[in-house]
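Reading through the C-alpha cells given below for one structure.
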Amino acid sequence: MKGRYEDENLTWIPLLIVGIFLLPFMLKGITYSYKYYLFVLNMAGIYIILTVGLDLLSGYTGLISLGHSAFLAIGAYTSAILVDQVGIPFILSLVISPLIVGIFGFLIGFPALRITGMYLGLTTMGFGFIVKRLIIALRVWTKGAGGLEVSPPVIFGFTFNSDWDNYFLIFTCAIIAVVVGRRIGKSKIGRALMAIRDSEQAAEATGVHLAKYKMLAFFISGLFAGFAGALFAHTSHFISTDHFDIILSIYFIIMILVGGVSSIYGAVLGTLFIVLLDYLFVPELKDLIHGVFNIEGGDIQSLLFGLIMFLFIIFQPTGLYGMWIKMKIYWKLFPFNPKKRLI
Amino acid sequence: MKKATGLFILTGLLVMGCGNRASAPGVSEDKILIGNVQDLSGPMKELGAVLPAGSNLYFRYVNENGGVHGRQIEMKVEDHQYNPQKAVAAAKKLIEKDQVFCLYQVIGTSPCEAIRPILAESGTPLVAPATQSGSMSDMSREAADLIFHTDTGYDKQTRILVDNILADNVNAKIGLIYQDDDYGENVLKGAAVAESSTGVAIQKEAYQRGATDFAGQVANLMKGGATHVIIAGVVKEPIIVMKTAAAMGYAPKFYGTSPTMDHRVSLAAGPAGEGFTSANFASLWNSDAVAAVLYRELCSKYEVPEAYMGMYHFYGFITAQVLVEGLERAGQYPTRERLVNGLETLNNWDGGAFPPITYSQTDHAGTESVILVEVKEGVQTVITDWID
Amino acid sequence: MADLHINNLRMQFSGVVALDNVSFSVSGGEIFSLIGSNGSGKSTLFNCINGFNRPQKGTIEFDNINLLSKQPHEIIQSGIARTFQNIQNIPFMTVLDNILLGAHHRIDSKATIKRWLSRSQREAEEAMGLEILDFLGIANYEQKYMTGQPYGIQKLTEIARALVGKPKLILMDEPAAGMNDQETQEIAKIISEIRDELGITVLVVEHDMSLVMSISDRVCALDSGKILAMGKPDDVKNHPDVIKAFLGDSDDA
C-alpha cells in the first residue's frame, strides 16, 4: 500500500540541518561582524522554539494567547533560580523548567474551556501583567525589577560562553523542538486540536474530549515556552521584567500569522522573517534612509516595520509557508503551469 | 529557504558594511566614531530625541574647535525601545558591525545591565550610562572596569537625603514612597543602608509604575506619623502626592530623588509644593555653573529649539563633556585601553556641572555627591553645596 | 447485533417542544430512515443520541448501554458514529488526515508516542484511512487538502470519517443534501454497501423520498416532534397522516 509520506522528499532535511550547523563557519568566513549576526540568529532560534509551541495552541487549536511572553518569563526565571540558587544542573533544568511552565499553561487553560477569541486573548494578556507583578513581588528570588544575572549554560562540564557556542546549543534545541512540534502536529493530537478549531461538534463526535485537549494544548505550548525560556535566561546572562514586555507576546502572534497559521514550518519561517526584519533588515534600511534623507531614526524604524508587515499581510495572506508551497508546485509542474491555485 | 534568506541579507550587509579597520576600532585619521543606544520609539522616546541632541551640541562645539587631537567626533545612535534584548542587539551592531570606538550613554538600567557581557567580551568601554542606578558603579559586577558612571546613584541619593533629614531634626520620622520597579529597587537598597547606619526605621510605601492615585500611601504615612517623606518618583508622582497630602490636611516636609528635580513639579504642585526639596547629581541648566553658562551660550549660538532646552538636553551636554575629556586624555593614538586609563586619571575633575569627578582602578562611580534644590516661593533654589 | 432503543424521549427548548414522547427501536443490520419536514425534530433526535442535547425525559439505549449517561466524546466508543448535514470537514488538513480524525478513539496514547518514533505506527494509521478510501473509491484524493475539493468528495470524506471509527451504528444526517440525481444514486449504493459489506446499522435522516424509499428497511415519519407513522417504506408512504402532513402541504403550495 502506498504510504502518504512516500511523495514527500525527505532528503533536503539532513541537508538543511548540515547547512544550519555550517552557517556560523560561513559567516565567520565572510564577515568580521559575524558575532552580531549569530546573536540575532540565536534569538530567532529561541523564539522559534516558542512559536512552534504557540502555533500548536493558537494556530492549530485556535486558542489565541497574548500571554506567551509571560510563559517565556516564567521559564527563564524558573531556570535561573533552579540553576543558580537551588544548584540543579542546567541540563536537568531544561527538563524541569518546561514542566513547571507547562503546569502554568495548564492552569491558564481553565478559562479557555469557557471563553474563546478576543476574550481569551485579553485573559491571557492579563495573565502576563500578573506574572510581571509576581516577578517583582518575589524579589527574594528574582531580585525584583532590578533584573537577575544568570550563569551561562553548562552541559557535562562544557560552558557555553559566547554567541558561537550558544548557536550550536540553541539550534540543536530548536531542531528538536521543530521535529517534536511537527510530530505532534501530524499525529492524533494535532488532528484533534485542528478539529477543535474548525468544528467542535465534529471533534466531539469523533471522540475528542474537548476540555482535555484544550488543556493539553496549553500544557504543550507551555512546555515549549518553558524550554525557550530556560535557554533564553542562560544564553543572555541577564533577565529582567523589561525583557518580557506584552508587546513581545503580540510579536509572537504576528510571527505565526506571517508564517502561515497551523503549519510548523510556517511558524519557523515567520519567526525568522520577523526577527531578521526587526533586528537586521530594518536597522540597515534605517541607516540607509537616514544617510539620504536625514530623518530621525526611531520614527522610520517603526514605520518601516509596520509598512512591511502591512504589505505582507495584504499581498500574502496565506503566509510564507503558503508562498513556499505555491512555489514548489509551480516548479514541479513547470512548464505545464496550471493557472489553478493550490488552496 | 532560511539559509538563502540569511545569505541574501548577509551579502547585502557585507557590501554596505566593509569599513576600514584602523589600529583601534572606530578611530581613523580624522574621525572617532562612538555609539549610543537610546529609546527612540519606546516608552521613553521623548528623552531619546533630546539626550543625543544635547550631546551633539557639545560635540559640534568641540568639532568646530578642531576636534579631539584633530579628530572629529561622530555619534551613531541606535534604538532599543527600552527592551534589553534589543539593546543587546543594538550594542552588538554598533560594536561588531559599525566598529564604534566606545559606547556612550546607553539609557535605562535593564538595557545597561543586559549589555555587560558584550562590553566584557569586546573590551568596549561604556561612558556615562544614562541611569542613576547604583549598580552601574558596583565594581564586583561583570565589565565594571569598563563602565564609567557619572551620576550619583539612587541608593546614595536616598541615603544622603535620610542623613540630611536627621541632621536637621534628630527626632524625624521618615516615610518613603517608591516605584515598584528597578528604580525603586535601588532606592530601597539605599534606604536599607541608611536604616542600618542610623538605626532609624523608615516607613516604606510602594506604588506601581504609572499609578495616578496615591491616597492609600499618603493615608498610611499619615497614620504612621511620618514627619518627613521622601518621594522616589518621577514628575507626576510628587505633584499628586503633595496635593493629596494637602487635601488631607497632612503636612510633612517632602523630599525627592533626582528625577523629581523638574521645574514642572513646582509649577503644577503650586502652594502644596512649597518647600519641596529634591536631590540632584548635577548643577541646574539655568544656574550660574560654568557648564550651564557655556550651554546657554551654545544653545543661542546654534539656535537650539526652545522645546529641547532643559535638564535632559543639558544632561546629554554635560555627559558629553566627560566623554570628550576622556578622549583627550586617551592621547593622540587612542585605543580602548588608553580611554579607560585616561578616564582613570580624572581626579577631582570639575567640568562645571557635575560634582568633581574622580575615577580610579577601583572606583568608577565618579561622584557620590548631590546638591539639594528647594522650591522657595515657587522657584527652584539651590540650598546646599555638593554634599555626600 | 446491537439494537438501538429509544423510549418516551422528550426534548424541550425553552417552551418549544422538539421531541414529544418519541419511542422506536432500530435493530442491528437495519437501514432505518427518519423523514419529516424541517423542524420536525430529526436533527434534535440525532443530537440526543450523540449527546449534544440532553433530553428532559426518556431513555436511549444502545447495545444495552445507557447513552444518556455518556459525554458526547464517549458516544463513539459505544459504537455510534455520525455525519453532519452541513459538512464538518477540517479545511486545512488533507483528506486522509480528515479521515484519520475519525480514528481518534482507535489510536491510544501509547501508539501516538510510538508514532513519533517509528514509521510502522504511522503506516498502520494510514492503512486505516486508506482502507476506507478504497472502499469509497476516492483513494487518489488522500493527499489533497480538503479546502477546494468538489462537494461530492467533501460529502464522502464526511462519511469516511464516520466509518473509520469502526462503528456498529452510523447516524447519517441528510447524506444526499445538495446532490444531483446521479450522485444521490451513488450515495444510495454506498449506504447499502455500508450495511451489506461492513455490517453497520444505518440510521438516516433524509429529505429525498426516492432515496429513502429505495434503501430503507423501515421508515419513521416525524412531525412537530411526534411520530406520525412507522413501518415498511410503502406503508408509511401511503399512511393517511403522512400524506396529509407532507403532500397536503404541497397541495397548499
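Per-chain numbering from 1; labels A, B and C assigned in written order.
In this section, contacts are C-beta pairs under 8 Å (C-beta built on N, C-alpha and C of every residue); 3 or more make two chains touch, one makes a residue touch a chain.
Just so it is clear, the structure is predicted and the values come from calculations on it, not from any experiment.
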Task = Answer with line, ring, star, complete or other to describe the graph linking chains that touch.
result = line
Remark   = Outermost chain relative to chain A, judged by CA means, is C
Query = Hey, which chain is the most central one here, using CA centres?
reply = A
Request  = Report, in whole Å, the distance between the mean C-alpha point of chain A and the mean C-alpha point of chain C.
outcome  = 41
Message = Centroid from C-alpha atoms only, then distance chain A to chain B, rounded to Å. What do you get?
response = 35
Task = Determine the centre-to-centre distance between chain B and chain C, using the mean Cα coordinates as centres, and give it in whole Å.
result = 73
Remark   = Contacts from chain B onto chain A in the complex sit at residues 1-3, 5-7, 9-10, 12-14, 16-17, 21, 38, 40-41, 45, 48-49, 77-79, 82-86, 88-90, 92-93, 95-97, 99, 108-111, 113-114, 116-117, 121, 133, 135, 141-142, 180-186, 208
Ask   = Where on chain A does chain B make contact in their complex?
value = 16, 19-20, 23, 26-27, 30-37, 39-41, 43, 133, 136, 139, 143-147, 149, 162, 236-238, 240-243, 245, 248, 268-269, 272-273, 276, 279-281, 283-284, 287-288, 296-299, 301-302, 324
Request  = State the interface residues of chain A toward chain C in the complex, per the touch definition above.
outcome  = 1-5, 7, 180, 183-184, 186-189, 191-192, 194-195, 197-199, 201-210, 262, 342-343
Note = Per the touch rule, the chain C residues reaching chain A in their complex are 50-52, 71-77, 81-82, 84, 88-94, 96-97, 100-102, 104-105, 107, 111-112, 115-116, 119, 122-123, 125-127, 130, 142-143, 145, 147-148, 161-162, 165
